[in-house]
Amino acid sequence: MFGLPGQGMHLRVDALSLLFLAILVPQVAASAIAGMGRSVTFWVFIAGMVCALLAADAFTLIFGFELMSAASWLLVLRGDRGPASLYVGIAMFSAACLVPALFLPAGSLAFVLVLLGAGAKAGLAPLHFWLPRAHPAPPAGVSAVMSGGMVKVALYVIIRYGFVEYGAAAQPWWGAALIAAGAASVLLGSLRAMLEVELKTLLAGSTVEHVGLIAVGLGVALRAKAMGDPALAALALQAALLCAVAHGLFKPLLFLGAGAVKAATGTTSLDWLGGLMRGMPRAGGLMLVGAAGMAALPLGPGFAPEFLLLHAVIGAAGTGGILARIGFTALLAALGLSAALALGAAVRLVGIGWLGRPRSLHAAAAGEAARPVLAGMALLAACCVPVALAPGFVLALMRPVILLLVPAAQPAPLAYAPLWLAVLVFGPAAAAFLLLQKFARRGAREVPVWNGGFGRPPAWLPFGDPLTQPSATGFAAPLRRALSTDLLPAAGDPSEVFLYLPLLRLHMRVTRLAERIRRSTIRERLAFVFGALVMFLLALGLEQGG
Amino acid sequence: MSFCLLAVIVPLLGAPLLGLLGTAGQGAWGNLVLNGVIFALTLLAFADPGAGLIHADTLGLVFGALTGFVGLTTAAANIAFVRAGAATLSLRRWRVYHAMCQVLLGSILLGLYADNLGLLWVAVEGATIAGTLAVSLPRTASALEAAWKYFILGGAGIALALFGTMLVYLAAQPAAALGPGLQAMSFAALAANAGKLDGALLTLAFVFLLFGYGTKAALVPLHGWLPDAYAEGPAPVTTCLSGLTLNVALIAILRFRHLMQANLQAGGDALPPGPFLLTLGLASLLLTAFSLSRRRDARRFFGFSSIEHSGLAVFAFGIGGAAAIFGGILHMLLHTLVKSALFQALIQAAALRGDVAPGGFGFAHLRGLLHGNRWLGWLLGGCVFALTGLPPSGLFVSEFIIVSQTIQRAPLVSLPLGLGLLLCAIAIIRNIGPLVFDPPPARTVSAPASPALALVALHLALTFLAAFLMPGFLVLLLSQIASALQ
Amino acid sequence: MSLDYPLAHLLGGVMLLCAFSLLSQRRLAAMIALYQIEALALTAAAFWQGFAQHAADLYLTGLITLVIKAILLPYGLREIVQRFNLIRAIETALPVGLSMIIGVGLIGVAVLVVLPVTVRAVSLTREDLAIALSIVLLGFLVMTTRRNALAQVLGFLSTENGLVLAATGMPGMPFVAELSVAMLVLLAFLVVGVFLLRIREHFDTLDLVGIEDIERRGR
Amino acid sequence: MLLFLGSFLATLLHAVLMFALAPLLAGLVATLRARLLGRRGPPVWQPYLALRRLLAKTTLVPETATALYPLWPFVAFAPLAACALLVPGFSTGMITAPLSDFITLIGLLALARAAIVLAGLETGFAFGGAAAARDVLFSVFAEAALLVVLLSFVLLAQRATVDDIATVFASGHVGLSVSLGFALAAILAVALTEAGRIPVDNPAGHLELAMVHEAMLLEYSGRFLLLFEYAAMLRLLVWMSLIGSVFCPFFMARADAPWTWPLGLLCWAAKLCSGAVALAVFEISTAKMRVFRVPEFLSVAMLLGVLAGVFLFVAARIGT
């Protein structure tokens, strides 16, 4: 049979893998419709993810995990060769950590290895520096499924081994480690999302942030379960899983939108876009839904998970000692800061990219996105609606998963009722519209932009002098000055500067040493052989003589 | 006249025939016909393994069949090589080249089928001398230097192996059943009553044998000769066929390891062979991990990759236990298939780019093959990808078995193993981009695919089937071998 | 049979002395002469072992050693030395004093390794084995400390003599090993001959410096 | 059934009062500022006149505006209107009480802020972009501080909705504690930033370079500008009611007990007036900060919030 000689491969479906399959289905369908359906490697990539999700034994899990990495490496390679080897290096590093973990007895070392391996693949800090580089490289449909799906498969492995396989041996500090990694990812991810100029790198930064949010949720759940508080564990798990579902919907939507922008204007750099809403109204409308999710605005798909997560963290702040209290308070501050940063990034993405005046001829001449891409985006937007307006229903669907992970839990009903809130929001809006319709002076006159008194732009700049327009870098400049001087050293991501570059320098030094060995002459090579022989004989002599 | 004996004699008789008559093209076709006959004989050998000096056990038969098959496909690739590189060598040298192909094949089969230690040693020595002459054929200075290095290092290794063989004979003297004469030199007899051998002498013999056959298996620090031997000399013999000599040496090491292990388990005072093998295996893995990144010549680059994989096989034997040995043997099988397919594809690529001499295999020359010939580009990319051990490639299964056994039996060693595998895989996969997808160098012509590419595809298919869909009888066969050699 | 042990031991000792002094020689002609003495001692040892073990094939081995190693090979090597007029001394990679010390160390390692190993075996073979191993290791040391190609070949041949000494010391060693030992020498000579002519063609000196700078350029 | 009718009427009354009094409060603050500075200042009902003027003015739409130009005023006004209905004014226990979760309020305020920032970026003109960037900068630090303050409230009251917090604090067994003092200072800083009052942004100022909140609306006119102005007034009232109901929830009426409403209304009015006076006095006593000193100002607020949480832990250990 297929698989290990003599043992073959075993698949099985339980509530957890069913949920993650459900997360995969809409985004795979959308990117297949949006044009990726024709590529064989894409379907191999999907098969790898499905195999990893349905794996029952270690071989199948690693087989699926690495098949997924191999196929996505090829797609990244075809896109842009630069980050391909870094990407596949991290993918193999994560498999190299997972394989030992699956064969060690359940315990702290095994969980740390799972955390390291799956964390590297999911983009948890400090191993996240590759994600903003690799995810923008392949075509939009692929980076949509990479950010939306592949990252979830890595988190699935953490959940599977954190809660189910090593459930009995779980300790509170496991949760704390996951929370620390998650918090770092949230901060760095949202900061990168706010400061990046490239559209797809911006979205990849936001992926790192949402992975951090999910990791924080899982960490709080793991810690609560280990400390024997199933209610809080259930609440945190609901937050994490709902965030995974929501992110799996609006992020691919945004990536497909970015792909449509690249197809229409040939660039994804925000400083060259602007006023796309005029040329691409439908794609713009759908991007608004995605941006609402990314910014976690109420009545949008992203708010329910953020709501639950903040309540879970507040609940967790009550438990544990003084260190836990200070830690969770700082975590709350970090979550608030990154929520506002995510809002800023979404507003910057929509405001600079889609509203305002075009900053290049391409942006001005952008035509509507292709129909299949719009169809894909519409499908995802349609799936976002139930998560946005009926999160209670989605959480009810997830009940069996929560019970599987935290057996003694009774998930509490959701305190956030978006439908009633919608009434409170749209009621006054409708009233205001009607009142204005009746009393205010109707009609509107088209006038040139006042623009602080600047004169009418010259003829050769029909859409206005770019200097008088806000730019993406300009929008992020105050924040860069206030926040990132200490958090983000000039050379780029801190994890890159303090983790990746030193390792690269070490590798260079050892390679130079190996080169010197390779360049040795015949006599020196004989000396190596002879020296090794004499050492072995000495070892043998001492061993037997002694 | 057992088929094993026939399979050994046919190439050794064919060698002088090809050496004396026929043009380069006729020599290539002669080679193909002879290799076809040999392949048939190696398959028939399963029925009648023969007795006495040349009597193959199942391990020898399996690898003999593999050698026959790879010999056949290499001969097919050789035709394209000869046609493309006809001008590089004179007529006399072409004849010597075809003769050396047959001598090399004959010595490999002798090494696999010989049950006698002395015959095994003679076979390995014959392979070394044939290889040295083949490497020295082109008239360039670097080929001469590579051949000189091959001869000195190979000769030193051979001398150590001979000394080890004598010590094994000496260790077998006190055993009541064996006594002097041929009986004390046959693997089967030695393995049968390993308990009665003198353990301490056997350990000393094992050190010398490990260094002797380790040189032939290109384990670090004995690997000096391989990268240059692979890079110089006519491609088919110095890469594909010399890849098969690695298997002979690895199987010899496996058999001697079994003698030590059996003596240890039967209460003799032999030392456990594990640490010796682990040290050399890890050294090979780690040194190649750092030597792969700066290579500009494809054949030298994949030569280092061969050192890495033979190091991994020896590492698996060092771990010990039936499963690890099963993984090691499977790894040798799959690696031989993939590596020979890769070199054949490289030969096709060099033929496409028109320069089959040793200089023509630089990565700069072979850039952007996808534009030259779609099938060749994808297949070459597939072969290089198969070397990395990522899932669609069969090596994933064997590396998975080895790593999982390492974690269960020697967890601490799994750290350097993981690091070595990771770095080697990254260094290899970095070359696929430029090799296949980059824009080709200027003024390169694109040519239709030659039929030999189908053989390369056959190799890859076999690797996938042997790894993921291994048929029942092969699983049984290999697990019997593994448990026998535990 | 009291005479049996001391005579074999004596001849072994002579060979060990030649191998050791090979380390210190700077001129090729002297190294070839030492090698010739070593080969003669080996022939005598082979004949003596043949007489002691009543094994006919050892006589054949002794004959082969005499004809090829004691006569033909030195003649061929002297012919090469004449053709390349290598009169001047060949420089060594290690200072001679240091390589002598290492040589003594190697003999110590050989004794350390062999003696406890064969405590049960007949004392004759144990002594013989220690000497043979020492000669092999010394031959290796000569190969690693000489830059000249011919000197390296001489080191290799001295190692090879050590092997034949060990083979003759093994009672009842089957003939197959003998044939292979002979073949090694024959082919070694053939290959070396071909190489040295070709090296002459390319580097017009026997010195390996030419080859070494190719390696240093690295590819 | 009677209970439901009572709370429905209370909510209706609350809504009417909220929407009616918003401009009055803004006018009161402006007039008090002028009087304290020795000027006669505009009449208290001046904002109503301003809104009526905007009703009559024609709406000018810039050429380069996209189709979403008329959408942003409504997206800015609607969440603030929802906040007005959620935040308890004179009575607790209204029918909108279960919805008034603190995090929902923060989300709605964020939605309103996003709408105004997008309005600033709508026509792509220089001042709008600069002001939007500053507003996002302030919001990043403000939201962090707000969440930490929320933590103190929830830890003290063990409830999440503003309504429940007010009722628990009203029940008196909480008592005065240091952490509540820190929390008050922190939430005042955040309120000033969110409402765009003096230390962060000058509501009455007309220098485009210094504006934060005003500059984003420069391209809007007529009925859309009316909605934005009204939303700003509503925001000030929402923040005052929020701080009032959380920090002095005494004598607040209960929705289902109509006899308690007059006292509740009286208290609410007193709270608003005292709030207006306090705001006016504070505004004339400090000058507007430089843009990059505001993040430090808000970081101090955040640290105060963290201290509040820590002291709660210490108090809980010593107290119980």
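All chains are identified by letter, namely A, B, C and D, in their written order; residue positions are counted from 1 within each chain.
Assume contacts are C-beta pairs under 8 Å (C-beta built on N, C-alpha and C of every residue); 3 or more make two chains touch, one makes a residue touch a chain.
This one's a predicted model, so the numbers in the text were calculated from it and none came from an experiment.
Asker: Averaging each chain's C-alpha atoms to get its centre, pick out the one most distant from chain B.
Answerer: Taking each chain's C-alpha mean as its centre, the farthest from chain B is D.
Asker: Comparing the two chain pairs, does A-B have more C-beta contacts than A-C, or is it the other way round?
Answerer: A-B
Asker: Could you give the separation in Å between the centres of chain A and chain C, each centre being the mean of its C-alpha atoms?
Answerer: Roughly 69 Å, centre to centre.
Asker: Determine the centre-to-centre distance between chain B and chain D, using the mean Cα coordinates as centres, and give it in whole Å.
Answerer: 78
Asker: How many angstrom between the C-alpha centroids of chain B and chain A?
Answerer: Centres of chain A and chain B (C-alpha means) sit 45 Å apart.
Asker: Mind checking the centre-to-centre distance between chain C and chain D? Centres are C-alpha means, answer in whole Å.
Answerer: Each chain reduced to its C-alpha mean, chain C and chain D end up 99 Å apart.
Asker: Residues touching two or more other chains, restricted to chain A: which are they?
Answerer: 515, 518, 520, 522, 526, 533, 537, 540, 544
Asker: Among the residues of chain C, which ones contact at least 2 other chains?
Answerer: 113, 116-117, 140, 143, 152, 211, 215
Asker: Considering chain B alone, which of its residues make contact with at least two other chains?
Answerer: Within chain B, residues 148, 152, 156, 160, 200, 203-204 contact more than one other chain.
Asker: Check the chains against each other and report every pair that touches.
Answerer: Chain-chain contacts present: A-B, A-C, A-D, B-C.
Asker: Which residues of chain A touch chain D once you look at their complex with the stated criterion?
Answerer: Residue list for chain A touching chain D: 274-275, 277-278, 281, 284, 295-299, 303, 306-307, 310-311, 314, 317-318, 322, 325-326, 328-330, 332-337, 339-341, 343-344, 346-348, 350-352, 354-357, 415-417, 420-421, 424-429, 432-433, 436, 439-441, 443-452, 454, 463-464, 468-471, 474-479, 481-483.
Asker: Quick one: in the complex, what on chain C touches chain B?
Answerer: Chain C reaches chain B through residues 113-114, 116-121, 125, 129, 132-133, 136, 140, 143, 149, 152, 156, 159-160, 162-163, 166-167, 170-174, 176-177, 180-181, 183-184, 187-188, 191, 194-195, 198-199, 202, 211, 214-215, 219.
Asker: Over in the complex, which chain A residues touch chain C? Could you list them?
Answerer: 515, 518-523, 526-527, 530, 533-534, 537-538, 540-541, 544-545
Asker: Note which residues of chain B are touching chain C in the complex, please.
Answerer: Listed in rising order, the residues are 116, 118-119, 121-122, 125, 129, 132-133, 136, 141-142, 144-145, 147-148, 151-152, 155-156, 158-160, 162-163, 165-167, 169-170, 173-174, 179-182, 185, 198, 200-201, 203-204, 231, 296-297, 300.
Asker: What does chain C use to touch chain A in their complex?
Answerer: Result: residues 93, 106, 109-110, 112-113, 116-117, 137, 140-141, 143-147, 152, 208, 211-212, 215-216, 218 of chain C touch chain A.
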